[in-house]
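Read through the structures below before going on.
Two complexes come next, and they have one chain in common, chain A, joined by chain B in the first and chain C in the second.
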Partner chain A sequence: MLKYVGKRLLAALVTLFIILTTVFVLMRQMPIEGYFDNIDKADQGVIDAKLHQLGLKDPMHIQLLNFYKNILKGDLGVSNRYRTGAPIIDIIAGKAPISIQMGLISMALSLLLGIPLGAKMARSKYKFWDKIGTGFIVFINAVPAAVYYIYIQSYGSSMLKISMLFDPSKFLNWVLPVFSMSLGSIAYYAMWLRRYMVDELNKDYVQLAKAKGVTSQDITMAHVFRNAFVPMIQYIPSSLLFTISGSIYVESLYSIPGMGGLLVDVITRQDNTMVQALVMIYASIGIIGMLLGDLLMALIDPRISFAKKEGVR
Partner chain B sequence: MAENKMEKQLYESLNQSQQSLDDFAFAPYSEKEAERTGFSYYSYWGSTIRVFLKNRLATGLLILLVLLVLFTIIQPHLPNQFRATEVINHPITGLQMYNIGPSFSNVMYTVPENTQLVVTPYENDTWAAVSNILTSLKARTTFTIIEYEKNWVKVELDDGQHGYVLNNFTTKLRLPEDPNQVPYESRSNFPVKMYTFPEDYTNQGTELFVLKDQLNITPDGLSATTKTEAKLRLLPGDAPFLFGTNNAGQDMWSMVWSGTRTSLYIGFMVAMLEAIIGIFIGVLWGYVRRLDRLLTEIYNVINNIPTTIVLIMFTYIMRPGIQTLIFSMTITGWVSMARFVRNQIVIIRDRDYNLASRCLGSSTFRIITRNLLPYLVSVIMLRMALAIPGAIGSEVFITYIGLGLPVSIPSLGNLINVGRKLVTTSYAYQLIFPTIILSIVTISFYIIGNAFADAADPRNHV
Partner chain C sequence: MSEVILRTEDLNVKFSLRGRVLHAIRGVSLEVYKGESLAIVGESGSGKSVLTKTFMGLLDQNGWVDSGSIWFEGNDLAQYKTEKEWLTIRGKKIAMVLQDPMTSLNPLKTIGKQIGEALELHQGLKGDDANKRIQEILLDVGIKEPARRMKQYPHQFSGGMRQRVVIAIAVACQPDILICDEPTTALDVTIQAQILGLIRDLIRKYNLTCIYITHDLGVVANVADRIAVMYAGDIVEIGTSEEIFFSPKHPYTWALLSSLPQLGVKGEELFSIRGTPPNLFNEIKGDAFAPRNPKALNIDFKERPPYFDISDTHKVRCWLQDPRAPKVEPPQVLERISTEGGNLYEQ
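Presenting the complex of A and B:
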């Protein structure tokens, strides 16, 4: 197990290196106009000085070397354009907590609602609850989130008699954003749990258990649900970790000062250092999340083992 | 006695059968006849289609979707259509026909016979521009109110002209303390319009159009009465704004269909490219053992990059346009397709029939195209059916963050993006129509895809 984790972490470092280098090189291909608010008015000397200060005048491999040196020192650098001169760590530390809080609450909510819904749907296949749930899932998948979020915001805030903008000190103001964020994942959890449970219910061991006289309640809870949940548990750590990235839609609608639109913002403003830092954070989260997911799956399902080499059949 | 009779019958029948046995002859060996055993009328695709058609909802949606796709193609060639991005101006004033609500015809008012109308000179053989505005009064012109009528007042000008002026918050007339005092000298702080009768037969102050045949125009060409009941229209011609117009004066009906065309095109292209690249690499990955290790490592790298980052990066670096969107979505989408195909290939690669085929000397190419891929057609088609709404959804997302298509190329994404700012206003129809079309397309693809996957599963064939 430890050996497996070690190997995976080593591979993760290589992956991270490739991703960061690619993004680094891509960002250096951007036109230099992007680094200035008003390039027409600046004279050549000023432009050169700024580019020199940003370190863009050096050859690419030197820039790359400096970048990795700084990372190894644990220094993410300062923001160039987004909030000029502010340490990136501070910017992220100011924005991440609210996104994480909101993400965790909405994730808890969607697990609490989505999983019972999915289980209920699987147990009453093609009956009332299944139809209601399917309708909900189809609706959420069909209507773009951008559209129903706006309706939730405009009607919800007039119903609850609160302002449309977010104020973290008031409890009621948390309701709508959290609810909007959970809707999609409720549908997601319900849909997949239903599918996996229906698959399990068709298997022979369920027939056997029924023949032995086990109650359908026990079959569902002790056998079917546990087996059906295994493929879903793999994505839970990733989702947990990715709450840090926030939701672009919800945060821009309610003016929540979170991480939601940050990446898009810094990419369009060509804040290279910020882009690199964020990509590094998100990519590492992705890799770690996947590793944790695999480990969690092995922990829950004894049939999955990493000690045995997954060879070619 | 009875027994005897039975015996007799028995003997008779035995004799008969003896006789009929003699009639038989041994059949000669026929290879063709021998092969006939084991023949079945089962055909995979026939059964798939039959099972699919049993699902009424999916069949209905399939028909709807086909009609919708056909309609997006023929819509520009239908009569009475505006061009998608054409800004529609009023022929006389040149103002944009903006924010006109959706309706089935462009008739604003139907007026009875003998209605007095004011004609504005307009060079056209069949259409006349009319209104019932007598004159426009400048701000702070004084006039005398001689009668009150609901939210209209009858007024007399200094030169003796009579007419009606609207009396509400838009005109803000100066009114007496006693609400019925006449005559009363009044004025407005705004420019107001004086109408021939207390009814507004204009489109927010601009002229409407009516067929010349329906009018008796006076010789000076400045006023007219209607011969018969007449329809006053927004524009000369009878093309309606079925979905209204947007705030730039563009026809939403043609915008929505043009947008649907763009979005479906993006969806189809992305699904096709994903399938082509995904199948090609997936087959290599699954079938060629030596490549497995390498491709798995590459997959791990690519799969660890969050898709949003790649999507944003590519759409930002490249010039905004349809090609950019297709490219960046394909770049992020082919990986999962390849992985999927690889897994399927690994599962069926070493089945006995492939082993046998290989022993009999089939080439790799033949095994892949004849033995493996036909097995995967149904699952691949399901993936493609689900990739189309996925691509359309991504397009909406990219447009939302401001990196999508320019407004000059209508797509469902940027129509929704423009419309969502109007959600609380009375112009919400500009959001609702594209959303409805988008939802129909998405739901159809999801349900058809799933019904097809069920139908393609041989376990569901009877």
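Presenting the complex of A and C:
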């Protein structure tokens, strides 16, 4: 087990190195105009001085080496353009908490609603609740989120008698954005759980459990639900960790000062140091999330084992 | 013979498939005697599994008992509708061993838990009492080191061992009737013999009545007291093992026995029955086997034959037994069962 984790972490480091280097090199290929607000009016001396200050005049390998040196020291550097001179750590620390809080609440809500919906749909396959649920899932997947987000925002806020924009101090103002963020994942969890449960319900061991005299209620809960949940458990750590990246659309709609859209912002403004720092964080989260997912699977499913194979007798 | 434990009367089972109705069991009347081993043989789709599933209310959702009755302990199981009614039967009175041991256990539960589930349901055993009993049962079905094995998962067992576990689950319920639905089909030949031997021992030890479903006549010869031959949702011939093997009367039974590989001559093609079974979506007129029977009589195509009694234990649904029918001899090759019968039984 430990050996397996070690191997995976080593592979993760290599992956991270490749991602970071690629992004770093690509960012350096951008036209230099991007580093200036008004390049037409600046004279050559000013431009050169600025480029020199950003370290862009050095040869590529020196720039890369400096970048990795700083990371190893734990220094993400300062923002060049997005908020010039501000330490990147501070910018992220200011924005991440609200995104994480919203993300966690929304995830809890999605699991709380999506899982029972999926289970109910599987149990009443082709009947009333299954049809209602399928209608909901198709709607959520087929209609662009922007459309129903706007309806939820405008009708919701007038119904709750609150302002359209977000105010973290008021409980009611959390309801609409969190609900909007959850809709997609409710549909996602319901759809996959239904599918996996229907798969399980058709298996022979369900027939045998029935023949044993187990009630259909117990079969659903003790046998089918748990087995169907195993393939889903893999994605839970990733979704948990990615709450940090925030939801672009919901955050901009409600003017929530979160992480959503931050990466897009800094790329368009060619803030090299910010892009590199964010890419590193998101990539690490992705890699760690997948690793945790795999470990969680192994914990729950006895058939998966990282240790030496034990002979079957 | 001894008392009847289960009796079906003119049982009809239908399925609805894509808007059409399939008549899967067409008027089966069958008596199962206490303590006997009855084998139901027939080719795929002849309705053998469906018939026994009706005894436990395990028909798929699109199937139903259309008419007839299933008498068991004074109750008509054909009238059972709710799960609550069926729970008085399933496991407790009638238990089942399914065909494929690789898929009939829950992969995420230890086998101890899966056996314990049955014990708790039907005997109210929990905790240490249950653990003790689970280990006894595992030893009964020939699994050594039960204390360690009960904590293991199905994937840590081989196919034959898993089938032993499935049998252990069935026996743990202490049922009256054990239905074995092709219990050895998915296993290799050496394991087959072991499993059949095990079932036979358990039947004796726990005093079970056993219904085997199989299309393997070699298996039947090994285990059955009586044999019922099914064709197209109907029992065409029923009798003791000796009667079916040594003096079969129905042309379908003849054909079935002729196709035994043991009777084949080395170098020659094995016998096979021409044609295909009838489509049960259509109404069947006369004897269902007539279109595949080269010696069919005219009346076989017109009217369904009644049962003719050959002996107290042997009856056949076939016009050949009518006094007015011409005399048709069974195929020559069947005589070899008598001479080489020992061979078949040894299998």
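Everything that follows uses one rule, which is that the second predicted complex is superposed on the first by the 307 of 313 C-alpha atoms of A that agree within 3 Å, B and C clash if a C-alpha of one lies under 4 Å from a C-alpha of the other, contacts with A are read in each partner's own complex, and residues count from 1 in each chain.
In this text, contacts are C-beta pairs under 8 Å (C-beta built on N, C-alpha and C of every residue); 3 or more make two chains touch, one makes a residue touch a chain.
On a predicted model such as this, the values are computed, not experimentally measured, just so you know.
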item: Overlay on chain A: chain C relative to chain B, clash or fit; value: fit
item: Partner chain(s) touched by A:I62 [first = chain B, second = chain C, both, neither]; value: neither
item: Chain B versus chain C as contact partner of A:D204, first or second or both or neither; value: second
item: Which of chain B and chain C A:T15 touches, first, second, both or neither; value: first
item: Partner contacting more residues of chain A (chain B vs chain C); value: B
item: Which superposed partner A:Y282 touches (first chain B, second chain C, both, neither); value: first
item: First, second, both or neither for A:D301, with chain B first and chain C second; value: second
item: Touched partner set for A:K212, first chain B, second chain C, both or neither; value: second
item: Superposition-derived angle with apex at the Cα centre of chain A and sides reaching chain B and chain C, degrees in steps of 10; value: 80
item: Per-pair minimum CA distance [chain C against chain B, superposed on A] in Å; value: 7
item: Set intersection of chain A contacts, chain C complex versus chain B complex; value: 312-313
item: Residues on chain A engaged by chain C in the complex (per definition of touch); value: 203-205, 207-216, 223, 226-227, 230, 300-303, 310, 312-313
item: Partner chain A, residues of chain C touching it in the complex; value: 56, 58, 83, 87, 90-92, 95-96, 98, 100, 103-109, 117-118, 121-122, 153, 155-158, 161, 166, 169, 173
item: In the complex, chain A residues that touch chain B; value: 11-12, 14-15, 18-19, 23, 26, 29-30, 138, 141-144, 146-147, 150-151, 154, 245, 248-249, 261, 263-264, 267-268, 279, 282-283, 286-287, 290, 312-313
item: Footprint of chain A on chain B - complex, ascending; value: 289, 292, 297, 300-301, 304-306, 308-309, 312-313, 316-317, 346, 350, 389, 393, 396-397, 400-403, 416-417, 420, 423-424, 431, 435, 438-439, 442-443, 446-447
